[in-house]
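Below you'll find the structure I mean.
Order of writing sets the labels: A, B and C. Residues in every chain begin at 1.
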Amino acid sequence: MLGLNTKDTRLLLIVIALTLSTPILLQPFAEGTGLAQFNAGYPDLMQRFAIFGIFAIGFNILFGLTGYLSFGHAAFLGVGSYSAVWMFKLLSMNILPGLILAVIVSGLFALLIGFVSLRRSGIYFSILTLAFAQMSFNLAYSVLTPITNGETGLQVTLNDPRILDGVNASPYTNLFGLPMSSSVKLELLGRLFTFNLGYYFCAVIAILAFYLSLRIFRSPFGLMLRAVKCNQQRMSYTGLNARPYTLAAFVISGMYAGLAGGLLAAMDPLAGAERMQWTASGEVVLMTILGGAGTLMGPVLGAGFIKYFENIFSKINDTVLHSWFAFLPDGIEDALVFVVQPFVGKGWQLTLGLVFMLVVVFLPGGLMEGGQRISAWIRRKSRKDDGRADSEHRPGTSPHIAE
Amino acid sequence: MGLLEVKNIGKRFGGLQALDDVTLSVRENTIHAIIGPNGAGKSTLLNVLVGKLIPDTGSVMFDGQSVLGRKPHEINQMGISRVFQTPEIFGELSVMENMLIPCFAKRDGAFRLHAIESIRSEKGLNAQAEQMLSDVNMIDKRHMNAASLSRGDKRRLEMAMCLVQQPKLLLLDEPTAGMARADTNNTIELLRELKSKHDITMVIIEHDMHVVFSLAERITVLAQGTPLVEDIPANIKGHPKVQEAYLGQSAEGATG
Amino acid sequence: MDVILLQILNGLDKGSAYALIALGLTLIFGTLGVVNFAHGALFMIGAFCAVTLSRLINLSYVTLDPVKTDFLGNPAKIKTPYVEAWFGPETGAWLIDWSVPLAILFAIPVMIAVGFIMERGLIKHFYKRPHADQILVTFGLAIVLQEVIKYFYGANPIPTPAPELFRGSFDFGVLIGFDPNAIIYPYWRLVYFAFSALVIGAVFAFLRFTTFGMVVRAGMADRETVGLLGIDIDKRFTIMFGIAAAVAGLAGVMYAPINSPNYHMGMDFLVLSFVVVVVGGMGSLPGAVLAGFLLGVLESFASMNWIKDIIPGIDQVIIYLVAIIILLTRPRGLMGKKGVMED
């Protein structure tokens, strides 16, 4: 179906099902219970899952397939946001023109940066992309203020021209009049489910983005990108020019980032320079590695994991901890809270850093490898047939072109 | 007029004249061996032929076109393939994927953005790659990771990757280096077979005289960057200049 | 002329910091072959050594004033630092005043210990892993280190003043024959520059004139051969890591009065220091120092008003621009060796 084999079709269908039912799946705990704060099924966060999933899927096409580690991809995210907000200001609060321009502009920007940066490889490439992104960030804060509105960030205002919108047009970002913020709430079994149009729009785009990356992974082009990672010398002696392949991958991943940036603006029409800072570039690197670089699902998982940490895990404070450990004797309770407290709440980044280090040290293939190892272990347990099981096999050095 | 015409090539590295006025003609559909003691300039010459090095002087004509100044991938597209001393393959990819890459390169050229098409739907190329793998007796290994192959299999895979492009000229850099005698004989058989099947011109650099005299139809002896003699194998054996070149340098060079 | 000199001087303090961090980065890269993204964190830990020592010295006990009362009528509290009680008020006050320079003595063992633990505990296992993995794991470590510091010291910058003697500025121009007030220069920046020059000189002298240094330099050039000579190069490299950590830490200690330490200062400097290393040439120690000062001074020139008028925003991007140009025209950087990280 759709040019995919059975296995990939199944994978795609699973992804579609999971994405569409996210508002239900992420709301497993009943309202009013202590665990309700772990529910992630609210529109703002779900939108972020989808948007940063798109960002990471795109980054993975470059890094996962070709091995070129860009430390400047946030620049494209920022450019996408700025382009989209400008479209909202000038043309229409309908998000489609903004998204289209975001993809085009970030693609052109990626073409320019990629053309220069790809003349070098390894750490030199990383530093070049980092330098370009930091330049964009610094300029957005200083001389480009007329375009970016500096530190305040670019916003929509009531007296923007919006030449395509009529007098009575919606002042909010919308899709042909349907506001992105519109939601249907449903209360069932004590759980509150929010079905938000903005999320579903992002989800559909994310599914399309995932489908496209699936096709790229299975295409001759994807094969060539993996060849770039393996052995560029053999590639050129096989009659292939590696440069345009890497440049194409760079531009495609830049366009994904621009699309993600445009969607961020479409959900909340605001664009700030901090979106382009190198820490933001570092975040997408974390997402991709954490989930599993080079795998199809890994980057999405990584993006979800980090965004969940950032938004949910960070809310656990002392009071919450005390309520959890309340059943214990006072002394032990206090001691436990004392031990756990640095790692949760505001300390979420500490835990993230530790998890990330553990993943790089022990699971070079990321969470996907962890999943595969666990399922392999379970299968082996159930078969009780150890034979010549490849427990020594380290997929870290081989491509993770798996589901 | 040969398929490959090398004229007056010179290449200097600092104080070392690696190639000095090398002229060489390789006739179509022959196996041409280049032999010589260590440091004679054989590998430098090969690197010039594939565009890795640019010589200081001279010209290289292949099939009526100049090779010099072209990038390695352009030279390959002209019809020159190279097998390396240590196999250069795509280690992290499967054997079949390794075979498909040269097939795509042959059909689509140096670059094509075929990002949506599926590899599986390329029935013709898949069949071609599988046929070639059968020819080198590796079809049962097509799903293996190329990095996990034995050294001999890696070399056969690399040869298959070159041959599937049906090059006009195949350059082999010590194809039996470090092999046991049995493997060496297998390789000789394989090369003979391929030659008869594919009508291909080969240039072989080799230390092992057993291989050279089993395969070569013409031999060029290189010493200190200069060709000494070029002749048929029978005349090379016992040629005084050749013996001088080898014995003057080292006796072990002549035996492998 | 005086304007040019002023800009050079202004660039020297930042340049010194860049040079010191880049020197440590290059030592680690050159000896161990590891790309250490946690090196900025070492700089930051150094700065917090100064903060810690200053807090330790300022530890006080409270007594009640028999005469004065506060606005609620309670007896006023008097804080007396322990050091004043132990060493007498004068020595005590002097110790408090000089806490930043004293922190050098405190930071050296701390930083060497931190370096040893990092190398033995983590970095050692990454020698054979790809550079990308090294970048990633040290990036994770940098996050962890800065979060730990944030947990203990909070997110706000902590002012850490220089000794009274070096506060304020002096008229440097008059000393060398310019008009008065042409070149006003803060004392501490001059101290910082002199200190950096001393540390850099010490590192180079150490590498050049000691047997240890010679072995390390030989190891940088050809690790395997040195290993074959029966020299335990790994042990020496661990020590080198400790030294590199100490260099970064010292740069941080002395930088504390220039810029109040905060938990993310390491990351801020790291990005620029990497640019410096690459511009200088991966693995070249003189290159790192040269590029550090060069970029510091260039940055200072670019922030002159008339230059900003000609090219708006140049001060914001000059370092990156130079890095891009150098990487494209001289791929090995200013003084880099062939074949380093080119695969």
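Methods note: a contact is a pair of C-beta atoms (placed from the backbone, for glycine too) under 8 Å apart; a residue touches a chain by one contact, two chains touch by 3 or more.
Remember, it's a predicted structure, so these values are computed and weren't measured experimentally.
Viewed as a network of touching protein chains, the structure reduces to a simple linear path. With chains reduced to the mean position of their C-alpha atoms, the one farthest from subunit B is C. Computed from the mean C-alpha positions, the centre of subunit A lies at a distance of 34 Å from the centre of subunit C. Distance from the subunit B centre to the subunit C centre is 54 Å, each centre being the mean of its Cα atoms.
If you average the Cα atoms of subunit A and of subunit B, the two centres end up 46 Å apart.
In subunit A, no residue touches two or more other chains. Across the complex, subunit B is touched by residues 3-5, 215-216, 218-224, 226-227, 229-231, 233-241, 244-245, 248, 252, 397-399 of subunit A.
Residues of subunit A that touch subunit C in their complex: 67, 69, 116, 119-124, 126-128, 130-132, 134-135, 138-139, 141-144, 278-279, 282, 285, 289, 342, 347, 349-350, 352-354, 356-357, 360-361, 364. Across the complex, subunit B meets subunit A through its residues 50, 71-73, 76-77, 81-82, 88-93, 97, 100-102, 104-106, 108-122, 145, 147, 161, 165.
If you check the complex, the residues on subunit C that touch subunit A are 35, 122, 125, 131-133, 135-137, 139-144, 147-148, 151, 267, 271, 274-275, 278, 282, 312-313, 316-317, 320-321, 323-324, 327-328, 331, 341-343.
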